[in-house]
Amino acid sequence: MNISNFLVMRHEIILLVLILFMLVLEVFTTTKNKKKLINVAIGLFLIHTIIGFFPQETASLFGGSFKTYGLVHFFKNVLNFGVLIILLQSADWLRDKVAAYNKIPEFFILLFSSLLGMYFMISSGDFLMFYIGLELSTLPLIALIAYNSHDQRATEAGIKMILSAALASAISLFGISMLYATGGSLYFESIATSLHESNLAIFGMVLFFAGIGFKISLAPFHFWTADVYEGAPTQITSYLSVISKGAAVFILMIILFTVLPVLNETWKIVVYIVAIATMFTGNLFALRQQNMKRFLAYSSIAQAGFMLMGIINADELGISTVVFFVLIYIFSNLGAFGVVQAIINQTGKENMEDYKGLYRTNPMLSLVLLLALFSLAGIPPIAGFFGKFFLYTAAAQKGYFILVFIAVVNVTISLYYYLLPVRAMFLETSENPIPYFKSKNMMRAGLLLTVVGVLILGLYSPLYGYIVELSKNIINPDLLTYLAK
Amino acid sequence: MDILTLLVVVPFLTVLVLIFFGKGLVKSRTITLVGSLVQFGLALNLLFAYLKERAINDSIMLFSRDIMWFKSFNIHYAIGVDGVSVALILLTAIIVLAGVFISWKIDQLPKEFFIFLVILAAGVYGFFISVDLFTMFVFYEIAVIPMYLLIGIWGSGPRENSAMKLTLMLMGASAVLLVGILGLYFNSNADGGALTFNIFEIAKVHISEDTQRLFFPIVFIGFAVIGALFPFHTWSPSGHASAPTAVSMLHAGVLMKLGGYGIFRVAMFLLPAGALYWTNFFIVLAVIGIVYGALAAIKQTDLKYINAYSSVSHLGMVLFALLMLNKTAWNGAILQSLSHGFMTALFFALIGMIYGRTHTRDATKMGGLLKIIPFISMIYVVAGLASLGLPGMSGFVAEMNIFAGAFQHTDTFHRVASILTVSAIVITAVYILRVVGMMLMGPIRFDEFKNLPKVTWYERVGIYLLLIPVVGIGIAPMWLSNMIMDSIEPFFKGVEVLINK
Amino acid sequence: MIENISIYELLTVSTILFFIGLYGFLTRKNLIAMMMAIELLLNAAVINFVVINKYLFPDMLQGVYFSIFIIAVAAAETALAISIIINLYRLKTSVAITETETMKY
Amino acid sequence: MERVFFYIFAVIIIVFAIASVTSKKILRAIMYLLMSLLAIAALYFMMDYAFLGAVQMAVYAGGIIILFIFSVLLIHHVEGEIEEPSKMRKIGMALLSLLGLGISLATIYSFDFKVATKTATTSVENIGKGLLNYGEGGFILPFEVISILLLAAMIGAIIIAKGRKNI
Amino acid sequence: MDFSYTIFILLIPITTFLLLGFFYNRIKPAVSGWIGVTALTIVAGLSYYTAIKYFFYTPKLEGKYQTLYGIKMNWMNFTDKLHIDMGILLDPISIMMLVVVSTISLMVHIYSRGYMDGDRGYTKFFAFLSLFTFAMMGLVVATNLFQIYIFWELVGVSSFLLIGYYYEKPSAVAAAKKAFIVTRFADLGFLIGILLMGYYGGSYDFGILNNPEGAAIMNWASSSFMGLSVITWALLLMFMGGAGKSAMFPLHIWLPDAMEGPTPVSALIHAATMVVAGVYLVARMFPMFYFVEDGYALHVVAWVGAISSLIAAIIALTQYDIKRVLAFSTMSQIGYMMLALGVSKFDGHEGLGYMASMWHLFTHAMFKALLFLGAGSIIHAIHSNFMQDMGGLRKYMPITHITFLIGALSISGFPLTAGFFSKDEILAAAFEHNKPIYFITLFVAGLTAFYMFRLYFSIFWGKKKEYEHTPHESPWSMKFPLMFLAFMSVAAGYISFSEMVTADRAIFHIHFDFVGAAIAVSVGLSGIALAWFFYKKPTDYPEKISTAFGRFYTWTFHKFYIDELYLFITRTIIFKYISGSFAWFDQNVVDGSMRGIGNKTVSFSKLIKGLQSGKLQDYAVAFAGGAFILVLIVLYVL
């Protein structure tokens, strides 16, 4: 263990320091001054985000429990960026609402802990670290969901979340134990080489998949999603929908590709079925949602179904397209949630009805939401289109044209409901529309970042090229040749 | 910057200027007018540059440009034009310009209206200059999606539902098309070589016959929905009826042409064997569309509905012509696209003017307009005559090419199909004259229409912009038809080789 | 390794335990009771790890460690769950599962 | 001999587990759960994992069960009863569980486990060393991380529990 | 010989049209009248000059008139072989037509200055007349089938515009629509015929197609359809177009209604020029008609002509609207021309029918225009179209009376009038080649004389009516054309047509057959006598006869209910049932199914909302159940 090792772990370490620092601040600031902590925390996190962008070496620490390489590093930065946007967007809420409960530093502590969990999860080199990371990312998050303890809906959401999460991790653990039995180790690398195809291994794999499918909210493991998204504070909903989901997709992909390639014939079938189920479920349920948060919840379920199309590719192309998609998805969804949040903060209204005539009163917000929704719907030249198109390409590359076809059918359905808010905002008028209000600078910055993101990310091709470079050699070529035999 | 990219960039610049300076009706329309005049100038310039360049350069596409975009997918921003695209670009420029004049007095959210209008135009230009399937697809969707807002916000009647139906059907079709494009892409390495979206690269590859048969209908339907192929045309009547005038013009005039163009550029060019295999099936649909659209138009009373069904019929001819698989018919298809573009835009413009004065589009509710607003009425008659294929108007030239091409097939199936198609010109005459007789001629039946405002100068400009090409093509088709014919040649090769087998 | 007892028997016990837990989770009408069912589920997994470690890979203690961590996490999880449940109780004076059905469709 | 013990424990585990998920009286259910957990600890002892057994007893009996009891006492009366689910639901869930059980057991029995012949004794010292080892087979990292987890969970629990006071 | 100046014959009218059309509200009516007349005078002059130059000063080729091109240029290319040219073809028939069209048009222009005086759309009227003249000129000088089709359509449109000239009158609008749509329907056949001809004949050019040694004629048997050569089919379809334009049975229904247009228009378009376009078309394609499949198509032409002429003559007996009587008479006379072509052969004197047809076309143009203009003059004077409103007009309008009488005599084939000569040749040709047709023709000749003089006597004799305004003789601008045409109605008989317009373009000499002529004349005279007997003074004979014929009379009076039949087919069957059901189908089935997909998706979405029940344990069931079902699927099902 030496200093360079620590440098490799700098994301984790700095974040840990941040957590502890917040803890200290929590203790030593008076109730009145706690509002100032918001800016301090966001500022520190900004620094953390920036530091994250410095290059980093590939390394494997702690006997392979902790691995980091270009893509993971990049992905952590992506997560950081997403969290930064979320923080910017939540500043108002923290200042106006949370301050009253005197819970500001805890918010940051919990949020950062959860993020730290994600880091460990995506960097994990064995199932134990994976599990711990998963739990570390989940438990604080549940606390955040139920954060607003006088709000019955938040509490209900918290209960639903924690019980579902516990069930999911129990089932997942049961599955991991089977993988352990068949693979002979908890370390990913050993499992990859020593695992053979057997019913038990497949059994374990499916249960494991169900557990992580819960995090990504894949059908039929998605039912908690809508209720929790609705009940949780909007900031946490957006965190759940992008960061938590993104990290889970990433690690699912890495595990399936690098740890369980032996079972690829089987998990492709699973992914295929689940992808179709997820897309249809998300879309069909989203069709008639009136609550914007529920609406976005189902939309995010459907998006998860699309991500599986990249996973089914089971190759480098799949990795790069999924990462690219997640990146774009983070920006698009945060844009949408940002606007929803701004309106909830200002007026407490979260129904689509209330959005009628929004364009006439709040044109900028409407446009941001429009762009975000178009991006989610996959309309060029907005970034979402590129993400989706590449996912189709990934699926089509391996000949899954029927899946692609089903996906495009779903895209059409999804277009319908993505246009519903647009219709409310632009086409319809209302007796009492949401009056004009001026967003705070933090919120503006947060929204601006998402807008820039959805406008630029797709068109700016070097970014994707960079991801492609990073995605190379993640799947052990020796292993592939070994499998080919 | 090359002259083609400018066509896309100028609209976007216009949009930017509009966003920042386009406050109020006068400013926004002035900016848009300047922008579309520049586009018009560019299009004209392109035409002359093309003619000049064509004389010394015999590559398929001129002014080509190829910039690597997404390297790992081999996606390029690849552009180039031939006679067909030049003609269609000119069409677009003229209709956009006319559309600006027709929307001179748009009262509601003028800035946004013009922004979306110009974005739409940018998409169309981009589509016509693209050589890369991916780029083409991107521009296609850029052109389609503003439609939703344009119809939804500025439309009339059940605008929300019409807009939704239109958008969903077109985007659904484009989604299908996307599958087709991916199919092409992943078969573009059939001879070894790299995967590519470039249509000329793909054309060099021998895609296996089975694959072609699989993907041809997908690509064809993907494009044909926007070309109003029966039974996927139902977005068009309600969509047109609800759309504001300028949007109807652009939509029927330009956007619906994307379908035929795409089939010509992509489906027929890249999947000739598939085309040969599927042609009869689609001919049946196209002919049904032609006859059925015309017959359905007879029964309508809403002017826009009549025109929409008439568009179904006329654009059915484009598809029909493309499916005839010979150069004459293809030439006719492109000419018909152009002709229908100008003509139907003119129609919609006139309908808009009439509607703006009488506040009804129900032909049965009007009468004797010829006496009240003689200029508009007379032009309406002329447009009607153009629509029913009167010689001396563009429609005739196009239709005759189509028919002459269609009659080169001797088998009974094609004969019957051709004769049914030809018979549509009679039905067209019926519904056109029905409206003319009902609405323009006859006594003035309602007192409230006794005094309607005279035609204004900007309306005149709009009308002349559209009328001149209609008559121009009709009287002197040679230069245009030759330009198109030359450009069709290389695209026809694939089919020709197979037919000669 | 327990003399004369095969791994199958042990795994059978744990699996039965797992499904008893699942049954409990699916049928109990009380949130605390459901948490208890979760403990059963987790314990089933723990037994699995331990047994597998003991019977198949006794030279490395991975399974055992995993078990320890599961137990620790379970404790944390339970604590958090209970705190939320109690919060619900404060809001609704009930911890029946039916109290958590307001958000649906 | 050990076989007999094993079966006794197994029966205890299963019977008490069933009792724990079906008992109407919540406090009794907790006690049944405790019995079941203790029997599991006994299994660990039988497998020579004394440390684990101890952890099981300490954390579960000493921590989690107490937590349950406190919360029940906080909420219910001692004789607090749980509402019974409908019969249909019970039967349905039982069938579902049995189906799952069938699938799982069939899968497990279909696998040919290569049981290791050598037995290694495990001392607490070994376990401790393993926990602090940062090489291959060492678990210092999860050990550290779980401390953060516990911290975060604690803060979370506190933050929720303290809730209403400051409104 | 340079004939390129003939381009001006086309350019001048179109320029006039554009000039008058664009500035129709800025030019004073008087000026526009003069512009029109002047332009037409020049055109007529050019036409006469061309005729003289062609017939008398251009050398013949091997004793035959040659085909010359005033101008010929490529207009559009279909394929390497098939292309549309635009040009001016000069040969005997086209030059004859030029003369006819320009003469009649000039007369009508002059006449209209008086007739249309004070009309609101005076300028517009002249503009349309110019447009028509342009189109008709273009039609006759067409060098190929497509050019003829192009101008054919333009003629149709100008006819539409002129019939609908009084557009505020619903009947005029209906008539215009009817005329256009019926001819359009016929043109459908024409177009298909052209397209077939283009494909099988390999060209649209008359020079190539009509060459008796050319491929199109020599290879007519190469492909057949339903037992007939495809070329024959093409010819028949083209004849359908001709029949539509020339109002042959059963496509004649538009012609009587077309009388809703101003009378000069009826004279120009619906009597003298446009309606003979069908005849001209057959004459133009005569070699093909004759040589292909032994003139099968020509038989059809003959019989259609004969039947049309008979039916029209019968209907004309019962009509009271003077313009309609004239219209049916026109139809009947065109039937004559058609049957004459139909019975004609090709070479020398055998081709008598062809020559006779063209001659009759020429003379008919003169006397029928005369009759129409005369009728116009009468209508102008008493503002009514109906015979019942007229009587004893000879005193009030002497010039009109005399000229009308000359016209009537000419059409009845009174000796030494133009009609006598041309009709006689037709009878002779029919007698020579087709006896049944000959007898029909003879019968029709009698009928013609009868109904014309029924008309004449009813108008100018009979009992005097009480007129609201005393009828006046028309102004000079109207009288002059009447007189000129009256002169031509006699003089045209003395032109030696057989030395100019023949089927094989070689000259032959007519053998005048006194017996045949005597028969014809006696039939004609008896018709006149009968009319004199019936209508000279008001009698009740007509009524008695009509009652005697009973149902046949009613049928005839209603034009054999052909209009009603068409109405039933179009309005009830096509509009109501076919078109209506298509519209319904589109709204409800096609659109409905598309909407249905959307609605079903939404309602399905409503249906499944119960899955998200809000109950945590249900979610858990789905979770665990889903997981184990997945296991089941991958392990035990697949």
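We just call them A, B, C, D and E in the order they show up, numbering each chain from 1.
Operating definition for what follows: a contact is a pair of C-beta atoms (placed from the backbone, for glycine too) under 8 Å apart; a residue touches a chain by one contact, two chains touch by 3 or more.
Note that the coordinates shown come from a computational prediction; the quantities given were computed from them, not determined experimentally.
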On the document's contact criterion, could you list the chains that touch chain C and likewise touch chain D? A, E
If you count the C-beta pairs in contact for each pair of chains, which pair comes out on top? C-D
What chain sits nearest the middle when you go by CA atom centres? B
Among all other chains, pick the one whose mean CA position is farthest from the mean CA position of chain D. E
Cα centre of chain A to Cα centre of chain B, whole Å, reads 42
State, to the nearest whole Å, the distance from the C-alpha centre of chain C to the C-alpha centre of chain E. 96
Chain D and chain E have mean C-alpha positions lying a whole-number Å distance apart equal to 102
Between chain B and chain C, tell me the centre distance in angstrom, where each centre is the average of that chain's C-alpha atoms. 65
Using the touch definition from the top, which residues of chain E touch two or more other chains? 598, 609, 612, 614, 616, 620-621, 624-625, 631, 635
Out of chain B, which residues touch more than one other chain, so two or more? 168
Per-residue overlap in chain C, given as positions that touch at least 2 other chains: 18, 21-22, 25-27, 35, 56-57, 60, 62, 65, 69, 73, 76-77, 80, 84-85, 87, 100, 102-104
According to the definition of touch, which chains form touching pairs? A-B, A-C, A-D, A-E, B-E, C-D, C-E, D-E
Note: in the complex, chain D contacts chain A through residues 103-104, 107-108, 110-111, 113, 133-142, 145-146, 148-149, 151-153, 155-157, 159-164, 166-167
In their shared complex, chain C is touched by residues of chain A numbered 126-128, 131-132, 135, 139, 142-143, 146, 149-150, 152-153, 155-160, 162-163, 165-167, 169-171, 173-174, 176-178, 180-181, 184-186, 226-227, 230-231
Could you please specify the touching residues of chain C with respect to chain A in the complex? 18, 21, 25, 31, 34-35, 38, 41-42, 44-45, 48-49, 52, 56-57, 60, 62-63, 65-66, 69-70, 73, 76-77, 80-81, 84-85, 87-88, 91-92, 99-100, 102-104
Complex contact set, residues of chain C against chain D: 1-13, 15-24, 26-30, 32-33, 35-37, 39-40, 43, 46-47, 50-51, 54-62, 64-65, 67-69, 71-80, 82-87, 89-90, 95-96
Show me the residue ranges of chain A that touch chain B in the complex, using the header's touch definition. 317, 320, 374, 379-381, 385, 389-390, 392-393, 396-397, 399, 401, 404-405, 408-409, 411-412, 415-416, 419, 422-423, 426-428, 461, 464-465, 468
